[in-house]
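Scrolling down, you'll hit the structures one after another.
Here subunit A shows up in two complexes: once beside subunit B, once beside subunit C.
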Partner chain A sequence: MAVGETDRKKQRQYFSQQFQNRMRRPRSYPPLGASQARERTVYKLFMESFRDTSAVIWKSTFVPSEIIYALGAVPLYIESFSAVASAVDICPAMLDASEKHGFSRDSCSFLRGVLGASLKGMLPRPDALVSSSYYCDGDPKIFDIFAEKYKKPHFYLQVPFMTDEEWSLDIVAEQLEEITVELARATGRVFSREKLSEIINNSNEACRYFQQAMELRKNVPSPMLGCEAIDYIGSISQLWGSRDFVRISRHLCEELEERVEKGAAAVENEQFRLLWCHLRPYYNDEVFHYLEFQHRAVVAFENINLITWEDMDPQRPFQSLAKKLLTNSGIGSYERMTQWIASLVRDYTIDGVIWMAPWGCRHFNSLSQLVKDGLRKEVDVPFFILDLECIDKRNYSKEQVRTRLDAFIEVLEGRK
Partner chain B sequence: MFTAGIDIGSVSTEVVILGEKNEILSYTVFDSQVDIEKTVQEAFRIALEKACLTSEKIDSVVSTGYGRNNVPFANKSVTEITCHALGAQHLFPGTKTVIDIGGQDSKAIALAGQGNGRVRVVDFIMNDKCAAGTGRFLEVMAGVLNIDIKDMGCLSQRSNREVSISSMCTVFAESEVISLIHQKLPKEDIVSGLHTAIARKVLSLVQRVPMEEEITLTGGVMKNRGVVEKLRQELLPKRINLPDEPQIAGALGAAIMAKRHTVSRT
Partner chain C sequence: MSIHTEFLTQVKKDCLQDNKGCIGYLSIQVPEEIIIAAGKIPFRVFGRGRPVKLANAYLPKTFDPYILDSLEGALDGSYAFLDGTVIANTSDAHRRLYDVWRLAAGPMRTFFLDVPKSANALGLKAFRLALSFFVKDIEKTLGLKISEEGLRDAMRLCNKTRFLLRELSEARKGLCPPFSGKEFFEIIRWSQTSDKQRVNEIVEEYCKKWRNTGNDIVQPKDAECGVCGPRILLTGSFMGSPDLIALIERLGAVVVYEDLCTGAQYFSSCVEEDSEEALDALARRYLSLPQARMVDTEARWNYLLQMVNDYHVDGVIYFALKFDDIHLFEYPHIRNKFQRAGYPVLYIEAENFLTTSGQIETRVQAFIEMLE
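This part shows the complex of A and B:
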């Protein structure tokens, strides 16, 4: 699709306006400085992606952004566009557009949203696209549609199911190297190993701060709202390797340290500590607010903010990135996910697990009952599967959700 | 000490008045109207009359169901999940699992003993996205078949050859039933097929919580003996309890909760 400079200017202006509205929204809690910096950084990244001079690479969830930063290109985690659009309430028109194009309302709303945005000419044009087979198999399929539409190359990263096998590591590392070289060719950028090593060092540094911040959330009472913390994952998927994320993580760490030292609680008179699995509804904050402010049940941790990888070796960047990718708890067998959930329940003194089952996510929903049954053998903790939609507010029924949350809180009260 | 439980559902509103020894003094079942408060006031007044009590004699009121937050004189509101569990356990103390089919939702509740003679809910699951297989579904089908919903249970017992109803979307099932009527198939066979479809639909959901040996069935749909029979067949060899009045289990649980609430206040 040919997008002229006038179109890009319009796109930038439109997005800028939406972001300003978002930043001015009334909040029921004072956000941390790090969280505000994170929002501004994502905004900056989006604005950068609309610039004519930028090389923009669309990536799916688990594609490491480090290889894109190493090329001096802008990584755009394209599904996060749907989340942002849902938060500023411009998503319904995008979803309508994708449905008119023949996409079922029962399919993934993140992908439907992006497709609709593309159809409406709202997205920054890509110079290349990279998707991976895990976690979401819908990504490569829809990326193929985009590749054809924008006439740009689409590179596909095959992630083996057998994550612990040595050959899996080699296969992923080889592909990552090959894809990086191809991306350099497609975008006209120069690939340098030194630059990638530097980027890897950034990721290591940010990771150490971020892990430390997440450690601080083990504190009782919790120093941070789940409503605020859960938004980190959408951003950090595209910020790993950047200096911005080092600063944000350090800032977050410092702020949480201070709050813990002062004994500041995110939720006054904390009654319950919850583990939240999967993402969140982006169209409003009602569910988290209801839990955290009405029921005083703080979301102490979210499985998606879990860092499972260790320091990477900058001298062996592709092997290290492959290892980082393969240690993700979402990849591989359900037993692996179950073990991770069990350890989070213990580490964060969790009273109950809410497993959000998003409409249209075949992958996560297929895990729900397996993890629930598996967890029963590991820890004695109530586990509730909550059917909820992330993006499409037309699928959200406030009273239905509240009844289920009330009932789950009653289950937790019954154990006291 | 007298307490009351009020269950305001999408189809019906029930009130139970409980006496000193947790005995049911009276109950009422009303159709839920648009004006919830008016329905509740009327149902409560009749229940009090039947129990020969005045509202001043009631120590505590707990409301439950979808309209639970719209009862101005309730001392507390509790979800229908907890209330159905308490009601079922009160009627059948060995209950470990409850299957409830109401006007627009179906649910399964797993219970465990607390060691003090009381039980607590340990797990539950509810229908989501779709209300097919609930009371409203049966109402629509009774309308299409031009029969009284109360006669569906009896009618299905006369079936010799059950018809398969493949769709469980209410609207699609309605068209399917219309098509079966046009084929001149006996109504009793169609109704029997509908009951099987409901039982399977509900079981596909509720089997996601542990199904223990003793199961109690609650909710208005359990007044339909055809649905109950199909559930019994599907759940064999488990022991199935059916209350004399399954529709009031939620209100009964709310009245028991009201008693606990009063005791904890004193």
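This part shows the complex of A and C:
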């Protein structure tokens, strides 16, 4: 596709066409109403970002979307573009473009995908960019490269490793405030504290529903497929603070309540309950389907759909957002992640943990063995490290993955 | 023996000194001044350059090879002589190493330092807070007090080292570089693993001697030193041994500047000695190092451009360690800039310690031939 950097209209048409194709794909399960609403909302958000009149702010996972909504701008969690592209099968061309340009195949495919998409002129031009030190090194680096390419300012949020120190909270809050003010300046928007308080209230409301939905997923049998639930994370990262997300999480909560009441199970005759760690392969549903439908091993929960924070104080928005951010168990020492996984194993009556380890993700792969060993002291649960790519399907082998999953399921069967 | 040979022999001999009372550190963002003010000798961990086995029980193979190599050293007792180690949050790999080091490296004390990637006002403030935390941690663990005066003395001592090393490096700007890149690498490695007082004395003595000869610049060790091929700037990832430099020079080029954290970045700037608060000055200096990990790529590029000009460079070799994401992502961007500025670039991706790789040799050779 040959489009100019500023040609958001053509990009919009292209994206829309790909998305429609995806929506027309036959599904192997009937999605919940909330999940369909979530898909439509993400689509709408992307479409917004391709509008010439929109102020688009590229952000990485950890940058709170609330500060962007408070400015009336569109938060674009840019890695999720790679996920969507992988799902509609336009990712190989993006990855090829990035590799031809010299980016190593050993690095994260989400980031390489975005770099390739940018090289091919598929991304909506940003008005400003915000990256953060978590989760990974690649992110701030490529944001800096993009900032130069698109000639837009790049702001960086330093999230300290020592999350429990009082000064950590203060310094994150201070940075968030400064970044918000700078974003307003860069995008020509007005920043108002009242608006941010309102947005914080939206997050609180959505959070309460989402937490309730998390509670409902503790039910045995599980009321929701993991294959469906895991897709919430991409949206969550860019929807916190929006009214849409309040509606989606309320809807999800109601649907799950109803299913639990009726005793409806996501997987009939549920045999095993799994905890899935990291994201998922986006190019197909095969792995989840194989586990959930063939082996009746439901993915009862995912470590990334995490809400670890409490209600925020709308009167102290930056302090509250900093607190929210620092409660994330992905930051800091491996012990934090181990404790978090152990608590999920207990709360969700988990029989086995699948720890997906994509080749290029240093942040997460470096935790694999440490968490596995640490967990042994906390809970008695089989832990399986599954090497699998999220975005790049070029090395994917259905048979190989199945054989490995079979072996794991055998272990679980042996413990019954 | 010429002044030059005498100096290099002395450096070599001094490297073998017994290292007692050392605190290890891995990243050049760790202020050596704080370690010195705590009465210890800062010892840069360079890795051991041997195959990794024990470390694989903790960290994946697809990980920064320098980190795996250093961890192996901690696990097999190679660093048992250290009184402690400082690990800084300079990359994903380093911060995870902190987890493993304190878990598995035996009774050795492990300190941590958070290092932001941005040097703006809030980045500096964050780093300043992290430095205070680090100082308090050292004081508490070692049961001592780090005084402002002690820090000031250490600042002066380290600045002197930087000044002297810079003087040596700048002598390479001329037509006849007095040191081969390999020799220079060894000098920098020695200066990062030895008592600064001694380093300063030895380098100062050497400089004094050659100044006495009435020359402006250091004289080559002899008329046929054989380092007069194309002039190379080497940049990229951490490099623990001079093997790649030796290979480049064996094939007929000369490395006149190594923009590496084990090279010129180590002494690229000084700490302001007259700053009101020592820790503020340290924060400013250490956060301004022109490293790829920082989010100011523009500042880094300007620095690199300055260096290729100052050192009359003919070609650039970009070295990336496998799985070092910062450099893997930086490379195409910096390559394009160099090429636009008219400098040919050769890219080499390899493990920490270069095992004789025919493929690399062939590529380096072809690159040098192209420059000649």
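In this section, the second predicted complex is superposed on the first by the 410 of 416 C-alpha atoms of A that agree within 3 Å, B and C clash if a C-alpha of one lies under 4 Å from a C-alpha of the other, contacts with A are read in each partner's own complex, and residues count from 1 in each chain.
Keep in mind that, in the parts below, contacts are C-beta pairs under 8 Å (C-beta built on N, C-alpha and C of every residue); 3 or more make two chains touch, one makes a residue touch a chain.
The shown structure was predicted, so the numbers you read here are calculated from the model rather than taken from an experiment.
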Combined model on subunit A: subunit C and subunit B, fit or clash: fit
Touching partner for A:Ser133 - first (subunit B), second (subunit C), both, neither: second
Which superposed partner A:Gly226 touches (first subunit B, second subunit C, both, neither): neither
Subunit B versus subunit C as contact partner of A:Glu174, first or second or both or neither: second
Touching partner for A:Gly116 - first (subunit B), second (subunit C), both, neither: neither
Cα-centre angle that subunit B and subunit C span when viewed from subunit A, reported as a multiple of 10 degrees: 70
Which of subunit B and subunit C A:Pro281 touches, first, second, both or neither: neither
Superposition-derived comparison: subunit B or subunit C, residues of subunit A touched: C
Partner chain(s) touched by A:Pro382 [first = subunit B, second = subunit C, both, neither]: first
Which superposed partner A:His154 touches (first subunit B, second subunit C, both, neither): second
First, second, both or neither for A:Arg362, with subunit B first and subunit C second: second
Closest approach of subunit C to subunit B (Cα atoms, Å): 5
Contact residues of subunit A, present in both the subunit B and the subunit C interface: 359, 369
Residue ranges of subunit A touching subunit C (in the complex, touch as defined): 101-104, 106-108, 111, 131, 133, 136-138, 140-145, 148, 154, 156, 158, 160-162, 165, 167, 171, 174-175, 178, 333-335, 357, 359-360, 362-363, 365-370
Subunit A contact footprint on subunit C (complex, rising order): 57-60, 62-64, 89, 91-93, 95-96, 98-100, 103, 112, 114, 116-118, 122-123, 125-126, 129-130, 133, 292-293, 295-298, 320, 322-323, 325-326, 328-333, 335, 347, 349
Subunit B residues touching subunit A - in the complex, by the definition given at the top: 66, 78-82, 114, 120-126, 128-129, 208
Residues of subunit A defined as touching subunit B within the complex: 359, 369, 382-385, 387, 395, 399-400, 403-404, 406-407, 410-411, 414-415
